[in-house]
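Multiple structures follow.
What follows is chain A paired twice: with chain B in the first complex and chain C in the second.
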Partner chain A sequence: MDRISTSEKFFNLLKQINLGTVIQTSVALLVLFLVLYPVGWLWLGSLRTDPFTPDYTLTWYVKIFTDEVLWQRLTNTLFITVGTGLMCLILGVPMAWIVARTDTPLRRRFELVAVVPFMTAPLIGAIAWINLAAPRTGLLNLIYRQLFDPSLRYGPFNVYSLWGIIFCLGLYYSPYVFLFTSGALRSMDPALEEASRVSGHGIFRTSFKITLPLVYPAITSGVLLAMVFAAGQFAIPALLGTPAQISVMTTTIYELMNRWPINRSLAAAIGNLLVFFTFLLLYIRGKLLARGAFTTVTGKGYRPDVIKLGKWKYLTLSICILYSIVVFVLPMFALAYGSLVKFWSVKISLSRLTFWNYTYLFTEHSLTYVALKNSLLLALFGATVCVLISSVISFMVHRGKSPWRHTLEYIAMMPVGVPGVVFAVGILLGWIRPPLALYGTLGILFVGYISRFLPVGVRATSSSLVQVHPELEESARVAGTTWGGTLLRITLPLIKPGVQAGWMTLFIIFLREFGVSLFLYSPGNEVVSIMLYEFWEDGDMMRASAMSMVLIAITLISIYGMRRLTGTDVSSITTG
Partner chain B sequence: MADIRIQNLTKTFDRGTIKAVDNLTITIEERKLVALLGPSGCGKTTTLRCVAGLEQQDSGEIYFGERLVCSPERKVYVPPEKRGLGMVFQSYAIWPHMNVFENVAFPLRRQKLNKDEIKRRVMESLQLVGLQGLESRYPTKLSGGQQQRVAFARAIVARPQALLFDEPLSNLDAKLREKMRFEIVELQKSTNITTIYVTHDQAEAMVISDKIAIMNQGVIEQIGTAREIYERPKSQFVAGFIGLTNFIHGKIASKPPEKEEWVIHSPALGLEIVGRSEETLAEGQEVIVSIRPEHIELFRERPDRNFNVIKGRVERMTYIGEYSDLVVKVGSTDLRVHSPSHLVFRSGSHVYLSLPPELCSLLVH
Partner chain C sequence: MEKKNRGMVLITLTVLLLFVMLPLAFAETTFDPKLVEAAKKEGKVSLYNSGSREAGDTLLKAFKEKFGISGEQYRATSNKILTKVMEEIKANNIYCDVVTTGSPNVLQLQLKGLLQKLNVEQAKHYPKTQKTDYYVNVTGIGLFIMYNKDLVPENEAPKEWKDLLNPKWKGKIAMPDWTASTSPMIVYKMLRDVYGTEFLKNAGEQDFVVHKAHGAAANAVATGECAISFEMLSDRIAVQVKKGAPVGYSVPSPTTFNPRQIGIPKGAPHPNAARLLIEFVLSPEGQKMYNLGYWLYSFRPGITYPKEMYPFDKIKVYDFTPEMWIKFTEELPSLIEEATKFWRKK
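Coming up: the complex of A and B.
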């Protein structure tokens, strides 16, 4: 009967706008901007002769495939990626089987070892392995030569090689395969294997015909993820490859951005190609997971059959101990030793240990406090802001009704496949000129961290929100609580553990972040990883080791403190 | 075919702190189906898994016919794959990476059979469970009932010495479960394979089995046909576990001339009733009379019977449909009575109950 006037319509619209909608909309727009803006600059930059001149060309893409040197670096990346995948497979699957399915003594303890690489950083791992296996001065080489062949001057181990790079990357990323596979082995219905046994097949045939095919999706998923990370890793190929003049795509991007002749457009083009490669791997992973979707993971708590190994358990125990030594004991020893000697001598001696390096760091080196302050500030505020944004995104994706929510999720998760150095190029191009001239301030690191690691936060908050059944919220609404009250008193308390774990994970990542930082820092805005890198550039492995020890100590203290405060479990912290 | 003999089987968990099976002895006759029935945690599944070889007992022996398959004392342990068994698991355990044909053919792969023979045997099994035409389907595309049938086909395809069922129907919905019961009976009768069937569902056990073994706390309380177990329970546990029953406490007063019949004085009812027991009981011995609600007859007027007629007062009457469920107060005891639903008794009215002596089972503590 009566038509609603235009002004009334407008008024009704206004009434619908409340604080919740305003927050959600602005966060969504912010996320779109944070992720798509640098990605857009990457494309724009790579298609121009110079990123900031509107003069379009395909030259740089052609150059990658025609320039012999670049082509060589491309194949290096490919070789390293495949090699790392294989190494993770060789290390991770047997370890998973031993830990999940055999009666090897102390097997649960060895699963904790798998978390160690996540606690340290690739940069620290590279420093540790230089201490251990640099061809002339590495501790392992020194010990070997002293014991077996004093006439040798080099080797036998050489970490400055493609194999050295693959070895370090493999150690660092093998936990993905290890933990994915052991999880799948544990959550598998033991009746599937028992049915095979009863139908006449022995342990080995059952393992190969039933068990292995069933955990195959978990294994490939872990291996492909490790390959994605290996392809985009910067610290390990930079520290181990440079002395041997081995370059890969990520280190080439760094050179092109920082050393004469600077060519940011070519860097962006190589970055885009690398992103194409990592997205291809992620796509294959998604396809395999979807096809092999025989859900062996039922969420039921099974007590899987443990194979009694008899005396073979000493062999598996030795394998576990060896893995722990290589992953944990040797690197830690090498860092500790390196940090406690004043000069790196060819003769190993424990009698001349000194805290001199630490004293230097905290009394003479002015950069130490600047870097520590910057890193801690970035970690504290970065993790907090990132978790807040992530919570809103997760809420919109899993509780919202907007048809765009899946697009939003996809975009928020996109940086997973964009290596840190590549993303940093996009950030740099986007935030270097007015009106968004953040370069030269700590702000650009802040923006870079948050946008690059948004997926870590979204994954943590989403996975805990998914576990909260909407009925828990609905019953609060029916009981007379408002939308906001429900959020505050029901939803947030329930997802708190996940949010805390996400915060902790981000805090640790930001504390030691390197790939993004190296591109975005400027004098005065150094962070801890930059300090490590500068020591390494000066060839000062002693102070690099000492600073690594400090960083590890801060990480452990933070984890311990967080656990005491909130009860967040260490095992819930796994990072990329 | 062979019988399965389990002798003095004992199995403990957690370093002997939990006794799952306690000195259990039972023989499953050739070609028969015996159900192990009991509440969860009674040791029935553990017993089955020992027979399968998936668990090793601490002591005791298991024979298939004359073949000793496991005896810790004699250091004999035949692994599951060498026992020649077929087994159906509660979760079906259909391998999700193999299609129906491959699943069913898998037990034959160990035997040196040619391709045509394997195909013939698989088809035969699938026909038997009514799954012909679904050979190339993958398990994720099958319904629960179909998966169940694949599990049956896979269990019988290698013509096993014995079939083992571990609560195979507990994941199906009620309608399908009822249908599958009869199919299992048919399958077992047509293949004639000695079978052990573990379940906690008494109706299922009654439909399926030649004999039921009621288990409780690791021991067998009673073995018998469904009728024997229901009408002549030998222990308070069996009487209480199977169906509803009334327990009346009393003492043996005397022995009438009839075989297996005894007169019991019940202080709670304030009178004497007659019940049956095969055991020799002493005068003054404490016993419990177990009588099923549907075995008690109700009358408005005192019926012309010599004994076991009791006067009571209707406390409550509930119309169920198939019958009426009444609570009748006799002396200081309430008795549950199921009477035909066309009879209507008002609450507070007086009734006469007749307890057939042959259905009043005497249980000794």
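Coming up: the complex of A and C.
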């Protein structure tokens, strides 16, 4: 009797297992594995004398706080992170206010300029700013000295400094503050502002005393997110910090993994400390958002008045033009000029312009086609797979009933706080040895990209899914449509814009990805960012500039093509 | 014999000798057909190279043309290559077939028992001091001082190592990252032996502008970002000169070579192709192609250098004996630590 009941139970269980359950369970297990496996290796590695030797110790954590050099690098990281936060605040908030709330001419155009850094990459930004503000030969310095002080042989701008690093990071990450703040400014309740104005307070007093305090959670949220990314940035501190002997935690991790004698355990320990720091920032951000401080920014669809600035609009217009020049015009010009000269010189002359670097790239350099092919392959397939996995996760989280769904979401979003170079260390430790020896193949980059940027896909698909009421899906299920059919015929078409924007964002990120690639590439698997880094390492800034221009061109063509095909808006594309 | 007849006989003999010698001089090196066959069966070779990508590409292209075997190149700094090869061997996931880096990194691999015996015919033509059973010094990289001619007139350019300590160069000296490349540490060791540690400590007062690798440091001098270099590899100087950059160089006395070593890691996936590539690069044909076009010196006797290269025999070399290289390898971590103490920005 017992035996029959057991087999009945088993049969019933089998009946419950349909394709949907299989897919959902497989994706959930895959996500757990993709994210937790490298993170686990990071922890394990940091607690062992050597990651692959079962000999446990806390030495490496003690060393971080007792070694004078490491302590200095830790303080550099903190200084740069806080400095970047302030820089983003200074750049992002006024621009957001001007664009979102005032009648400044051409403000919609400037909104596009403000998100330009998303379209390029920190590595390219650093190359551009070396061309512009290297203390002796930077274009800005050369022009300044020729115009104002020919006796000066150095400066006045110096990108090889802590301030130079903060400036570049600030330019790159200020769009986060801009987007968060402008969004909040557009949807806030204007009642308090109106009351202030009725009480006789002017535009600027009202803005400082009423408007900005009302949207401060959005500002803080953007600033904290910018700080999280700045703390984990590698390219900008590596390129700008090396000549001035400035090291931060991420560049130290790279050094420890590539310098003899290698110390992977210390690298893992520093990585974990960095992860702790970024998660702390994210926790503070989460607390702020959860406090409900956005009560003046409700879902009621307020449309605050556009503030008429009168003659002041020319001042705000000038600020926008200056911002555009610094963020877009100057870096693009520096890259274009650099790509068109054979070698950089203190003597600027148009007669030296040549396509020599481009000719070299496409006719002689052995890596160009390999790197372009690999980057495009990873971007196309990586983005597609990542978006598919993300869609299933979002569906499970927002439509599922499993008590574990929020844990799954938390794990999928975890890599947001794990800097690329740190995550890459975990992946390298986990995937270099048999039976999971993917190292030496393009597959390890594929796995690395998907695991690291899963949060971008999940965020894009989730934000679309929460806007769609589940009624339609429920109706389909009641009508007998299977889980897969509902997902394919109802849910995915409804969240199509979010999926498209997510795919495009991931495509752009993968096309220029650097932090993960630097640790995981091997011969034959080079990607475009590795070529750029190699050029920089060789001091070949002209070819680096030319390759940067090629990458920017591919990105812009892709965005244009995607927009034509699907109507995806550029402003919906944001990086993770 | 009459004087006139004697002259005729001498001329005839010389002409005959030339006829005999000329084909020998132009004769191509023959390679073991069995090795060629086995290498072709493997079909590919992977080269880990700390030299310039161009030099590596030139070598692999010529190798493919000659033997039909395609090659892939991984290019990075010496220390990065060392760690990558060790990582691959440790994980038993080896991709590298041929490793060539500045000294003493390939020697380090040998001392750790991570190289296989070379057994290449062409190694027999190299002096005993330039090889072991496991590697051969494929190239001698000249370690010179480079300067920007627009910023530094030739008569004011530093000629000797001690000239680098002149306060007028403070903040203007490009220095390759001594923790990433081996050449700065070879010069460090030489100067330590010749001038003592005080000299190196004083050098730290010059506030070096550090660049990740020699290429970047050379570029800093070529563009005028820095006026001079601390030490510069002869091939990096060649790259800038060929581009038309305003650079000059001095050859201090003494200076030394950084011998670029070449070997095959244990467990290399294409050992025959690796061996054939090494035979090829060590041959006179390979040496001319791999070295001379890039202002690199060859340890193979009988190589004629082009005129634009600084004459090999005029370089006063501070010789590192094989024993000194082994000692240097052992001392390297502590030397790097000492250099960092002296040279890190205060």
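Please note the rule applied: the second predicted complex is superposed on the first by the 542 of 576 C-alpha atoms of A that agree within 3 Å, B and C clash if a C-alpha of one lies under 4 Å from a C-alpha of the other, contacts with A are read in each partner's own complex, and residues count from 1 in each chain.
Convention: a residue touches a chain if its C-beta (ideal position, glycine included) is under 8 Å from a C-beta of that chain, and two chains touch if they have at least 3 such contacts.
All figures in this text were calculated on a predicted structure; none of them were measured in a lab.
Undergrad: Return first, second, both or neither, reflecting whether A:R197 touches chain B, chain C, both chains, or no partner chain.
TA: A:R197 contacts chain B only, not chain C.
Undergrad: Please name the chain, chain B or chain C, that touches the greater number of residues in chain A.
TA: Touching more residues of chain A than the other partner does is C.
Undergrad: When the two structures are overlaid on chain A, which partner does A:A134 contact: first (chain B), second (chain C), both, or neither?
TA: It touches chain C, and chain B stays clear.
Undergrad: Does the superposition put A:P523 against chain B (first), chain C (second), both, or neither?
TA: A:P523: touches chain C, not chain B.
Undergrad: Between chain B and chain C, whom does A:G155 touch in the aligned arrangement: first, second, both, or neither?
TA: neither
Undergrad: After the superposition on A, what does A:Y439 contact: first (chain B), second (chain C), both or neither?
TA: A:Y439 contacts chain C only, not chain B.
Undergrad: Does chain B (first) or chain C (second) touch A:Q245, or do both, or does neither?
TA: second
Undergrad: Which positions of chain A sit in both the chain B and the chain C interface?
TA: Common interface on chain A, chain B vs chain C: nothing in common.
Undergrad: Per the contact definition, I'd like the list of chain A residues that touch chain C in the complex.
TA: Counting only chain A, the residues touching chain C are 52, 69, 134-137, 160, 238, 242-245, 255, 257-262, 342-347, 364-367, 432-434, 437, 439-440, 522-524, 534, 536-541.
Undergrad: Quick check: in the complex, which residue numbers of chain A touch chain B?
TA: 189, 191-192, 194-202, 205, 209-210, 213-214, 216, 292-296, 305
Undergrad: Which of the residues in chain B come into contact with chain A in the complex?
TA: 52-54, 79-87, 89-93, 95-97, 106-107, 109-111, 139-140, 151, 154, 158, 164
Undergrad: For a test of understanding, state which residues of chain C touch chain A in their complex under the given definition.
TA: Residues 46-48, 52-53, 57, 60, 72-77, 79-80, 82-84, 86-88, 90-93, 95, 105, 108, 150, 177, 179-180, 209-213, 215-220, 222-226, 240, 243-246, 332-333, 344-345.
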